[in-house]
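Next come two complexes, and both contain subunit A; in the first it sits with subunit B, in the second with subunit C.
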Partner chain A sequence: MDLEVNTLKNKQISRWDLDIFSKGSQGNFSLQLELDGDSISAVKADRGYLHRGIEKCFEKSLWFNVMPYADRIESETSVFNELALCLSVERLAEIEVPLRAQYIRIIVCELTRMTSHLKCLAKIAKACGADTATHFLMRDREKILDLFELLCGARFSLNYFRFGGVQSDLSEGFIERVVDLCDSIRLRLKEYNELLSYNFPFLERTAQVGCISKENIFKYGITGPIARASGVLSDVRRSRPYSLYNRIDFEVVHHALPVGINGGSIHDRFMVRLKEIYQSVSIISQLVDSLPAGSVKEVLIQQDFCVPEGESISLIESPRGEFGCYIMSDGSTSPQRIQFFTPSSKVFEILPEVLKNCTLDNFPAVVASLDLSLAEADR
Partner chain B sequence: MHQLHWKDFATRIFESMGVTVGFPTPILFATLLLLLNIGFIFPALYFISFTERKITADLQARVGPNRVGLVGFFQGIFDTLKLFQKTKPNFQGDKKNRLKQGYFLLVIFSSVFAAHSAVSYGQGFQWLDTENAIFLSLFSLIFSNIAVYFSGVLSHKTSNIVSSGRAFAQTYVAILPVFFVVFSVAVNSSGFSWSQLYVSQSSSLWDWNIFSNPFILLSMPVYYISGLIFLGMKPFGSPYSQMDLKGGLEGQYSGNDLIIFKLTRSISYLTWLTIGTWLFFGGWSFPGLPYDGLDTFILYPLQTIIILGKTFFVALMLLFITTALPQLRSDQAAKLIWKVLIPISVLSLAGTAIFMNLKTMWGLD
Partner chain C sequence: MEISQLITELQEKYSEHLIEIGSFGNIQELVCLSVKAESAPLIMRVLRDQFEFTDFISLLVAETPSREKKLRLSAFIRHQLSGSELVIRVDHSITGTDQVFVIPSLSKIWNAATSFEKELGDLFGVFFEGNNYFEKSKKRYLLPDNWEGFPLRKDYVFPMEFLDIPHSRPVGQSEPDEHGFGG
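Let's look at the complex of A and B:
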C-alpha cells in the first residue's frame, strides 16, 4: 500500500509505506518511512522476503552436491560463497589445493569483485540520474560476464569451485581475453573518473550525503567498502590473508578524511569502489603474468565424500565486506550445519540510521550506495 | 442585459489583440493552424525525438530504436500506436477523480497548444504579431504546469503528489529569469513583437541579438537553463523522470493519457526552443538568402524551415551537453536559479540598457 488516506486530509505527508511491490521500492525489503516534510525522520525496515531456507537445504543434501546451494545464496557474487565454503571444508578435511587452482580461484574472484562494484557504481549513477554513466558501467560489466560464460558456461551462479580445486581448467583464449579486459578497464576507469567522479552535479548529489560515521561502523560491525569509505582500514585479504593474498602486492583502498569533514558519504563509497576495481585489475595482472602450469584438481569428490568430524570457519573479503562460512560435520556424507555470515545482514541493520534525516530525493542514492543484497542477508 | 453573440465576442477578443476578423477568418485560422501542425510541427517534433533517441543511445553505447523502418526511423510511430492499444490500469482512486485527471490533461494540452500557436513560424503562420504574443506563449506554458500539479495531486499517490509539487515549484522559480531575459532582448530589439525582433536582426549575421550585444550573449545560457528547469527536462527532470523516487509524474499515466502527456511536453519544449530562436538567433533571417525575389508559396515555407532548422540545431547542442549529466534535485535547481541565474539575468537587463544608451551616445546604432 502506497499511501495512507489521512495524509491528504491532513495535507501533510506523514508516513510512506514502501513495500516490495510499490513503485518506490529499493529492493526485496519493506520500509516504513516517517516523513517530516521532505526529510525522513524515522525508518522501520523489514526483511525476510527472500528467505529460502538455504542453510537447511545444506543439511538435507550431501557434501558432494552442496555447491549449487552455496551459489544461490547470492547469485551475482556466487564464487565468494563457493570460496568460503571450499576453504572451510578444505581446512577441516585437510585437502590440498593445487597452486594453479588457487591462482584461478583468485582471478575469478577478483573478476567477480569487479562485476559487483561496477553494478553498484551503475546503481548509484542511475539513482542520481546519470544514465550515460550507468550504461557505460554496465557495458563493461557485460564483458566480464562474457568471460565467465567462456569459462564455465554461466554468467551468474558459476558453480565452478570444487573442494580441492576448480571444476575444470581455463578455456582456450580465456587468459588472453582477461589481459585485454584489464587493459581496457584501466582506460575505462579514467573515463569514469572524468565523466562522473568530480562532475559538479554528481558531487552535489553525493558529497556529504548519507554519511556513516566511524562510530557507527564499529557499533554495527560494518565491513567492506562501506567501512573503508568511512576511514576504517578493514580488509580480510590484508589482516588475515587467505589463499594467495599474502603473495600479492595490492593496496587496501580506504578513505581518510581531514578532521571535521564528515566521511562515509555516497561519494566516498563511490570512489572507494572505483579504486578497488583498479586494485582488482592490478591483482589479476600479477596473477596472469605468473600463472603456473599444473592440474586444477587433485581430489575427485564423489557421492560418498565425507568431511571428518569437527568444525571449521573461514573468513574472506567479498565485494560487500567480510564473508564467513562456518561448517560443522559429524563425519557423515551430509553436513551437520553450514552457516554463512554475510556483510549485508549488518548493513541492513544500519539502514534506518543512515536514512534518518535524509531527504526523499537522496533516499534512492543512499540505498544504492550501500549495495544491499537481500539474497545474502535473508538466505 | 445585452448579451453578445459568440461571434461578436470572439471578434472583440481578436480585435483587442490587433487582429482584424471577419467570417470566415476563424475557420481559415483553424485550418491553417492544423496544416502548420500536420505539415511542419509534428514532423519536426518526431524528427527531433528520433534524433534525440538515436544520439542518446549512441552516447550511451546502446543501439537505440532499430526495429521499424530504416535505422528504426518509424519506431516512434509504432510506439505511439502501441500506447493507443494499451488498456488503462484500474486506479485506486474513484472514477470521478480519474475523470478530473483526464480533464486536467486536456487543459494541459489545450494551453500548450495555445502557447505554441502564438509563436511565429514564419510570415505565413504568424497569427499574432503584437507586443504581448511572446507573453501569451509564456503564460500558457505556466498554465500547463499548474494543470500538471493538480493532475498529480488527484492521483492520490505519494510519489505523484510529491513529484508534481516539485515540478510546480521548479516552474515558478524558473520563470523569473526568463522574463528578465525577454525584457533584455526587447530593450535590445526595441520591441517584443515578432516582426520587430526580425527587423532588428535581419540585416546581417552580426545583427542577431546574440552577437550584437554581449549582455544578450550572457543571458542566452540563462534562458536555456531556466527553460530546462521550467519544463523539467534533463538534467532538471527529477520530478518527471522517476529517477529519484521511481514514481515520478510520467509513471502515473499510461495508454492515451501518456500519449497526451508526452506530446504536451514535447510541444512545450519545441515552443520554448522556438522562442529562443527568435530571441537570440534572428528568427527566420538567414544571411545571404535573397528573400525579396522569392514567391510567397516558396518564401513562407522556407521561413518555417529556417526557424525549425535553427531550433533543431539548438536542441541538438543541448542534447550533447545534457545527456551525460546527472540529474539535479529540485532544491539544487532552485538554488541555481536564485543564486546564479536570476542575478545574471538582472545584470544582463541592466547591462543591456546601459549598452544601448552608450551605443546611442556614440552614434553606433
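Let's look at the complex of A and C:
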C-alpha cells in the first residue's frame, strides 16, 4: 500500500480497510485508514462504485428524453440537476420561461435544499449519538417529501422541470401546505437549536473537530456550506444570480470568526446548514406571497425538439455547493455532450486531508458533516 | 480586474500564443480564449500568477461535432476577488480510435483540477502529465481496472460482454429456459 504516513504518535500502527460492504462503511466509497493507536495517520480513498455512465446515456437519448437521466445523477436533490440542465438548454435555445414557472422552480428548489440540509444534520446527529434529534429532523424532512408527492407524485427524482417551464401547475392545496410547513419549520428550528446546537456533549464531539482551513478551501476549490463554514463567502445565488435570485432578499450564511480561531469544524458546518434552512424558509415565504398567475409552460417540447448548434453552460447553488451543467449541441435531436460538474467531486479530494489526525470516534461525524454524495460525484 | 483590460494586455504580450478571443457559445459576457496546445501551460500560469485567476471551477471536455474531429478542453476559471470568469480552450485533433492524448496537467497550476483530470482522463483517454494519480497509479479511476477503451469517445464500441456476463440477450432467444427464467 502506498499510503504516506506522516507523524507517528504512539507507533501502534494498524490498518483498517473500509470497503463499501464493510460494517463501518461511510458511503459508496472505499477507505484505507492507517491508524496510529486511535488516531488516523494516513488515508487513501477510492470511488467509482456508483459510476453509471449517465453522461453517455445522455448522448444516446433525445433532448426530449434527457430529464429522467439528469434526475438520477443525485436522486435526493434531483431538481437542482434538472434546473442546471434547463438553464443551459434554455440559454442556448433562447427559450423564455414564464414568470410563474420561475417562481415554482425556486420554491421547489428551496424545499429540496431544506430536505438535503435536514438529512445532513440528521446524519451528523446520528454520528454523534443524538438519536432523538435524528428522528426529529427526519420527521420534518418527511413533511417536505409529502409535499413533493402532492406536487408531482414522487418523493425523489421528481422529473418535474421541463425546458421552458415545469411539467404542470401546482396541485390544489399545495401553497397552503407550504405556508403551514414554513410556520412549523420556524418553530422546529428553535427546537433543534435548543436541543443540539449548544448541547455540551454535542459540542465536545463537534467543536474544533474536523477543521478545514480557508487555505484548503481555496486549494481544493470547495464551495457551498463547507466553504461558508470556513469563513469563505461563496454563494452563486448572490455572486452570479440566476432565475429570480436577484429579486429575493436573503442572507448568505457564513461563519465569520475572529483571527486565530480555527474555523470550518463539524459544529460550524452544522450551524451553517441550520441557519440556511431558516433562509430557505424566508425565501419561500417571499415567493409564496408574490406568486403571480399565468401559465407554467409556453413551449411544448416534443420528440423532434432540436437545440441549436453551439455550447452553453449554467452554474447554480445546490445544497452541497456550486453545481454546473455544460452542453454542446450539433443541432440535432440528440445531445452531442452534456457534462455535469458537481461539488462532491472536489469534496472527495479533501477527504484524506480532513481525516488525518482525527480520532476513530470522530471520524463518522467528520464524514457526515462533509455531506458527500457519491452518486453525483461518480455519475 | 476588468476582462477588457486583461484581453488588451494578453494581446500585447502573448499574441503569438493565442489563436482566438471570443465569447463562449452565445454567452457574450463570458470570454473564451483559444490558445495553442503547447502554449496552454504558459497562458494558464500567467492568468493565475499575474492576473490572479486563482479559482478553478471546472474542466469541460467534449468531442466537437465538426467534420475534423477534435477533442476540446475548456478550463473554466474565476478571479477570486472580482468574480470575473474566463474560459481557456485548447483543441486537439483526433487522428485514431483509442488514441491517448498526453496533455500537461492543470493540477500543478490549480490543485482543484485534480478530480476533473482523473475522471475525464479515464473516460476520454487523456493522460495528464504531472497529475500525481496518473504518475503513481496505473489503475482506472471510475471504471473497473480491466475495462478497455474510453467510453465517452464518439467512436467507442460497447463490449458485448464483460467478465463473462453478456451485455444483452442473444438475438433469437424468446423461450424461457428449463428453469422457467428468461423469455
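In the analysis below, the second predicted complex is superposed on the first by the 366 of 379 C-alpha atoms of A that agree within 3 Å, B and C clash if a C-alpha of one lies under 4 Å from a C-alpha of the other, contacts with A are read in each partner's own complex, and residues count from 1 in each chain.
Keep this in mind: contacts are C-beta pairs under 8 Å (C-beta built on N, C-alpha and C of every residue); 3 or more make two chains touch, one makes a residue touch a chain.
Bear in mind the structure is a predicted one, so any value in this text is a computation, not a measurement.
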{"item": "Room on subunit A for both subunit B and subunit C (clash or fit)", "value": "fit"}
{"item": "Partner chain in contact with A:Glu149 - subunit B first, subunit C second, else both or neither", "value": "neither"}
{"item": "Which superposed partner A:Glu34 touches (first subunit B, second subunit C, both, neither)", "value": "neither"}
{"item": "Touched partner set for A:Glu311, first subunit B, second subunit C, both or neither", "value": "second"}
{"item": "Arrangement angle, subunit B at one end, subunit C at the other, subunit A at the vertex (C-alpha, nearest 10°)", "value": "130"}
{"item": "Partner chain(s) touched by A:Glu353 [first = subunit B, second = subunit C, both, neither]", "value": "neither"}
{"item": "Partner chain(s) touched by A:Ser239 [first = subunit B, second = subunit C, both, neither]", "value": "second"}
{"item": "Subunit B versus subunit C as contact partner of A:Gly221, first or second or both or neither", "value": "second"}
{"item": "Distance of closest approach, subunit C and subunit B, by C-alpha atoms in Å", "value": "27"}
{"item": "Doubly contacted residues of subunit A, that is, touched by subunit B and again by subunit C", "value": "2"}
{"item": "Subunit A-facing residues of subunit C, complex", "value": "24-27, 30, 54-58, 60-65, 74, 76, 80, 83, 110-112, 114-116, 119, 123, 136, 140-143, 151-152"}
{"item": "Interfacial residue positions of subunit B with respect to subunit A in the complex", "value": "56, 59-62, 156-159, 161-162, 234-235, 237-238, 241-247, 251, 323-332"}
{"item": "List of subunit A residues in touch with subunit C within their complex", "value": "2, 47-48, 51, 53, 55-56, 91-92, 94, 218-221, 239-240, 309-313, 315, 322, 324, 326, 328, 330-331, 336-337, 339, 341, 345-346, 348-349, 378"}
{"item": "Parts of subunit A lying in touch with subunit B, wherever the complex brings them together", "value": "2-3, 5, 7-8, 13, 16, 22-25, 38, 125-136, 139, 195-196, 199, 201-202, 204-205, 359-364"}
